[in-house]
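Please find the structures below.
Next come two complexes built around subunit A: one with subunit B, the other with subunit C.
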Partner chain A sequence: MAAGVSEKKKVAMEFAVTYAAAGALALACGAVFIVAFGGDVLVALGTVLRSSLGTWGGFAQTLNKFSPLLLASLAVAFGMRGGHFNIGVDGQIYAGAIGMTGTAFALEGMNLPWPVFVPLGLLGGILGGWFWGFIPGILRVRFQVSEIFVTVMLNFVALYLVDYLANGPWNDPLAGEAISLPIPDASVLPQVMPRAGAHAGFIIALVAAVGMYFFMTRTIAGYEIRAVGDNPRAARFGGINVARVTLIIMPTCGALSGLAGAIEVSGFHQSLLLGISGAEGAPNYGAMAILIAVIGRNNPLGVTIAAAVFAVLVSGSDSLQRSIGLPGAAVFVFQAIIVLTVVFVQARRNVRAG
Partner chain B sequence: MTEKTAACVEMYGVSKSFGEVRALDAVDFEAAEGEIHALLGENGAGKTTLMNILSGLYRMDEGQIAIEGREVDIHSPQDAIAVGVGMVHQHVELIGNFTALENILLGREGSRWRLDVEARRSSVEELAANYGLSIPLDEGVKSLPAGIQQKVEILKALYHGADILILDEPTTMLTPHEVDGLFTILKSFARGGLTVVFITHKIQEVLDNCDRITVFRGGRKIDTIPREEATREILVRMMMGERGMPPEGERPTGPSVAREGEPALSVRGVRTSAKWGVPLTGVAFDVPRGLIVGMAGISGNGQKELAEAVAGLIEVEEGEVHIDGEEVSALSVAGRIARGMSLLPQDRIEEGILPGLSLAENFVLGLHPHIFRRRGVFEREAAHELGRNAIAEFNILARNEHVPAAHLSGGNIQKTIVARAVMLAHETGGKVMIANNPTRGLDVMAASFVHGRLRELRAGGAGVLLISEDLDELCLMSDRIVAIYAGEILGAFDGPEYDIYRIGALMAGQREEVS
Partner chain C sequence: MSLLFDISLFQLTMLMMAPLIIACLGETIIERSGILNVGIEGVVTLGSVTGFLLTYYSGSAIIGCIVAALSGSVLTLLLAYFSVTLRANQIVIGLGIFVLGLGISPTIYRLAVGVVQSIPQVPTLKEIPIPLLGAIPFIGEIFFAQNGLVYMSYFLVAAVSFFLFKTPLGLRLRACGENPRAADTVGIDVARMRYGACAVGGLFLGVAGAYLPLVISGSFTDNIVNGRGWLALMLVIFGRWVPVWSFVGALLFAYVDAFQFKVNALPQFAKIIPPQFLLMLPYVFAMIVLVQVARGAESPRALTRPYDREARD
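Presenting the complex of A and B:
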């Protein structure tokens, strides 16, 4: 067992070195970028950190961004561990949002108390996302259609379905825009920090991350998923039913994303609208989730940390404009730099190791 | 030829490392014009690495190369061709959809070569005639037998101007008749002044065919000796060093020792579709309990498809597969494993291991539905304990059970897979073992380990199907040998003594005349 611990220590050291190097490199690149735009590096950094972590309101916003980012990233990471590239997170988030909203409207008249109503609503969202993941899964298993194409296409389908619902049957006539009627109060996710405005979504997301860790390492299904993701052919030779495993993987990805969408509706927007997947002016959650999964190496703990960093950056991005006149999108350039440096540093280390 | 002519190839102090592994350590090598020079050594001894450096595939870390007394820089295969070095690799590297002629000309004439195919036909034909190589130039290469494909490769090297011809394990894919034919040709090349270097691990080939022999062990050159001074014992000692040869193990006894009862494996008229590769056209044979049945055949004659059909990886269109008397054609792989089947796949990297998962997690693959007591729960402690025991019992070189399988050497990966199959057999009652080329690429010690385990399974009453391209291995191990050709079993031979030329004829598709 002692040997096992030292093995883990070594891996952890490697992790730490890689990320310290990548972080330093990313900061350096980011600094060059900020200076080139005539900004002050320290001011910029301070502004982002203060506005995302330094005030209660800002911290609450960061938490609210953290939950969909983490869930969406877990969805990507879960697929990657099983060897499937899920780029349909956005569609699955919309499907989850539809599931949540639909459930809320359907049960509206029943006067359910929130401890019953909220879980049912979230379950509706999970099922919506699950179904959106089941479609590429079954097409993959039955007809060998690449899940990459199917998930991309389903993104559009879900987007226009939301468009239709928010403008059509569920439209709020008083709002005068593409937005649904608000969901009933009892289906709204409770606030953890009512004054600052943080809902309970981040707790659910953290539970999901812990759950994924245990599922992957302590269940036979998780083992089979990792085996298939590592070498599907060898897994088949070992008697694993790859088709069945695929039909666990893709719908579970969808369910995790669907939960993200449901939380966005139930906790944040409280109605269905376009633009649920991602803040205005920012990349979609689906795109960011892929980056986070890469940085976090598809490991629930790593993904949680990376999602937290991204949540800070996203939530701090607005203040950049105000403080130093940099466009808020500068933060996303910075995010891209982090991802590129991590990938670069990893690749360098792999070259030296191999 | 006893009088040494001028050295044609000289290599001095050649070193090459891959990562932390020193594949070649300050090796000197020299081959003379007009000789057949054997490079003998186990897998991993460094002989192929040295020749890959000479032919421009690898760059050496240190060292010098001189061709005909002039120092040369070889940085690419083009450089090697320019100084007259041509190499024929172990696995054919021709373009299957092109004709033999197109393959021979390919790369020779720049971008306009296609226009010149016909114009150059006569020069290729002339060259082929000079060297006594008869090749159907207009046939698609894909449809040619391995022996002919190899001749195409040789002619291609000669056409590209090689006067130093390197052949890497050239006999692995050939029948005994084809092997004889190959050496007849190589000897005539040498008489004509070409330098032939051939890489092998088979001592008998060396003794039968070479002028001089250079032996490698562990990345070092041991010595170069002329044929007259070489005996089997001397060569074995040079190859193996102090370790000596592994114990031979008991010889097969022939089919008379088969145990009573239903055969362990019964394949009855199995046909498979062409979409899975070589179609099987009604394969039928039994593997009785307590016997090793060897399957002889040249690679690509349906062995892989047969193993996969028996294992349940590909669908059987017609016919039946019985394990221990039970018809299993409709069962999944896992279902067959549960009934006592274990499988050593042909490609240990692609089909055998989960490279990114730990050794412990690799050992439990296939066993996992059987060993965990709590339903659905992956009991990590149980897996780790199994891993620790397997590493100790099977003598696997690994730091511990947590290292990823990808960190192991080829021999240890194969030991891991064998260990898993053996544990599986213990767990499920071990009725049938299908071993598809289980020793390919292994050194003598590791191969002996695998053979020992297969014999143990036989002694325990399992039926073992041993598929191999190495007739020597089959003769050493099998109580019975069946020959497969183009998806069909052409004949069966009872051991323990075998006539390899008769088996070889069947491997080449020549049906036996009824005598």
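Presenting the complex of A and C:
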């Protein structure tokens, strides 16, 4: 018993050291960048923290980044837990955004009250994402095509589809750019902090995280997904229908990302535009979601914490972009360093242990 | 119909083909050794920024290409370290390298160039028609009136094929990808072969990246690679890890890409087909092709599997 406790303590210590080292390396890299771009490290760090957590407006922006990041990361983690690599979060976010916007325009004339309209719109987004995740699922089951490729290719297809809709049929002629008409007021996600500008998306995202936890640990389907992820051959011999599991995993991944896209439209942009999954030149949610899922070890709690840290990083580095001209993509470097460090420490331990 | 067989369309096809096949050959070498590099898109992006900047500052495209090749090699060696020495999950590490390349490239660019009014440009490589061959009507104009890097891509297809299938070293490399245990037993240093494959394959990936600003755009933009790395990864499967078949695939893809480019440039088509649908074409085509070729495609058997000398299997 005592040995068990000390073993647990040791694991927790190693865990803490790993993440502290990763954080320190990322910070050091950040400091190098800030100096290279001619900024003052302490001033810049202060700016990052103040603009992401220190003011109500900044905190609201961090929350607004947190909801799509968490949902997108859950979409990746859910797939990875079952041995599926979903690189198509961006496409699924766009598909969800299209679903949300389309539903909002279709139901515009019905004068629905918001408690009905908003859930219907979000459902439209979920369905859009679900469909975008179903395609790689069915292609993998039917034709043994790797979902990695299909999800990547579908990203580009969805991107151009949004480009078409925002420039073509749904274009707002007064905006003069690639942006759709605004969605009706009743389909806009309510604000939680109206003055600071935070919408209710983060609550939905947190509910999804809790839901995924229970699904994974308390349901048969969740058990089957974990079994396939751990060892697909053993799972098949154990009588699990792996094809069915794939057709649960991929569309669910899509639905989660689709919800993220729907929330971005309904809560944040209130119209359909190209920058929904990260504006041009800025980091997109899909790439970040992969890293968050790895750092959070595909565990809903771990993913939630990692997504919160990344949300701070993203909204904080937005301010550095304005003050010292650090490109938005630099945040990818910090994140990649965190991931590589975490993998490095884990892998070295495994290699040593033999 | 004449549009489909236009000579300038075929010329553009060859132009678009070169970066795809160069990256694909690099990836083939890496995968033949038993390592899957899903970070290819990030490595190619790094190659395009270093290639562009060095060409811009030195005025020599050759220096640009060399530095791009070296930078690609360095980033791919990072993958080798994680997959060979640390035996980490190659897909996870590859994705990490993908994002690292995506992030570090615009950062390097901005550091070097700063915030400027007009974006820096390099002159794109000129065509060097080959004497005699280039004068052959049609065929010559398509294949032998191109820039130097296109010729290099022909040469590399032949060279990599010869290396993989006709040399002892190529055989050893393939053995590491098929059955590292057996390779080890006959005295092949699997780890060294895999490191070597990553170092050499990375050179190719870097040059493929440099090609984009040096030939196609003349400048660097954040999304310059635009999925070409992923397409190259797919072409490896399309060609079943055989360079010549990948070359055929690259021609096919480049043709579709060149076609959408040409059609989009014609105003009379814009009214019939929205340009975005044409832009989708290469990616949709890629998925359809994958469905056709993925069935029964046999990868090197040890692909993505780390090799542990001491493990019993």
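Just so it is clear, the second predicted complex is superposed on the first by the 309 of 354 C-alpha atoms of A that agree within 3 Å, B and C clash if a C-alpha of one lies under 4 Å from a C-alpha of the other, contacts with A are read in each partner's own complex, and residues count from 1 in each chain.
Just so it is clear, a contact is a pair of C-beta atoms (placed from the backbone, for glycine too) under 8 Å apart; a residue touches a chain by one contact, two chains touch by 3 or more.
Only a predicted model underlies this, so the values are computations on that prediction, with no experimental measurement involved.
> Per the contact definition in the header, classify A:174: touching subunit B only (first), subunit C only (second), both, or neither.
neither
> Tell me which partner touches more residues of subunit A in the superposed arrangement, subunit B or subunit C.
Higher number of touched subunit A residues: C.
> Examine A:240 and indicate which partner it touches, taking first as subunit B and second as subunit C; both and neither are also allowed.
Touch status of A:240: first partner only.
> I'd like to know which partner A:230 touches here: subunit B for first, subunit C for second, both or neither.
It touches subunit B, and subunit C stays clear.
> A:220 in the overlay: touching subunit B, subunit C, both, or neither? Say first, second, both or neither.
The answer is first: A:220 touches subunit B but not subunit C.
> State which residues of subunit A lie in both footprints, the one left by subunit B and the one left by subunit C.
The answer is residues 354 of subunit A.
> Spell out the part of subunit B that touches subunit A in their complex, as residue ranges.
Answer in residue numbers: 19, 311, 313, 332-334, 336-337, 343, 345, 350-357, 361, 364-366, 368-369, 372, 376-378, 380, 384, 399-403.
> Which residues of subunit A touch subunit C in the complex?
Interface residues on the subunit A side: 33, 36-37, 85, 87, 139, 143-146, 148-150, 152-157, 160-161, 163-164, 167-168, 280-281, 283, 287-288, 290-291, 294, 325-337, 339-340, 343-344, 346-348, 350-351, 354.
> Quick check: in the complex, which residue numbers of subunit C touch subunit A?
Contacts found on subunit C: 38, 78, 82, 85-89, 91-93, 95-100, 102-107, 109-111, 114-115, 222-223, 226-227, 230, 233-234, 237, 274, 276-277, 279-280, 283-284, 286-287, 290-291, 294-295, 310.
> Tell me, which parts of subunit A touch subunit B in their complex?
Within the complex, subunit A touches subunit B at residues 3-4, 7-8, 217-224, 226-227, 230-231, 233-241, 353-354.
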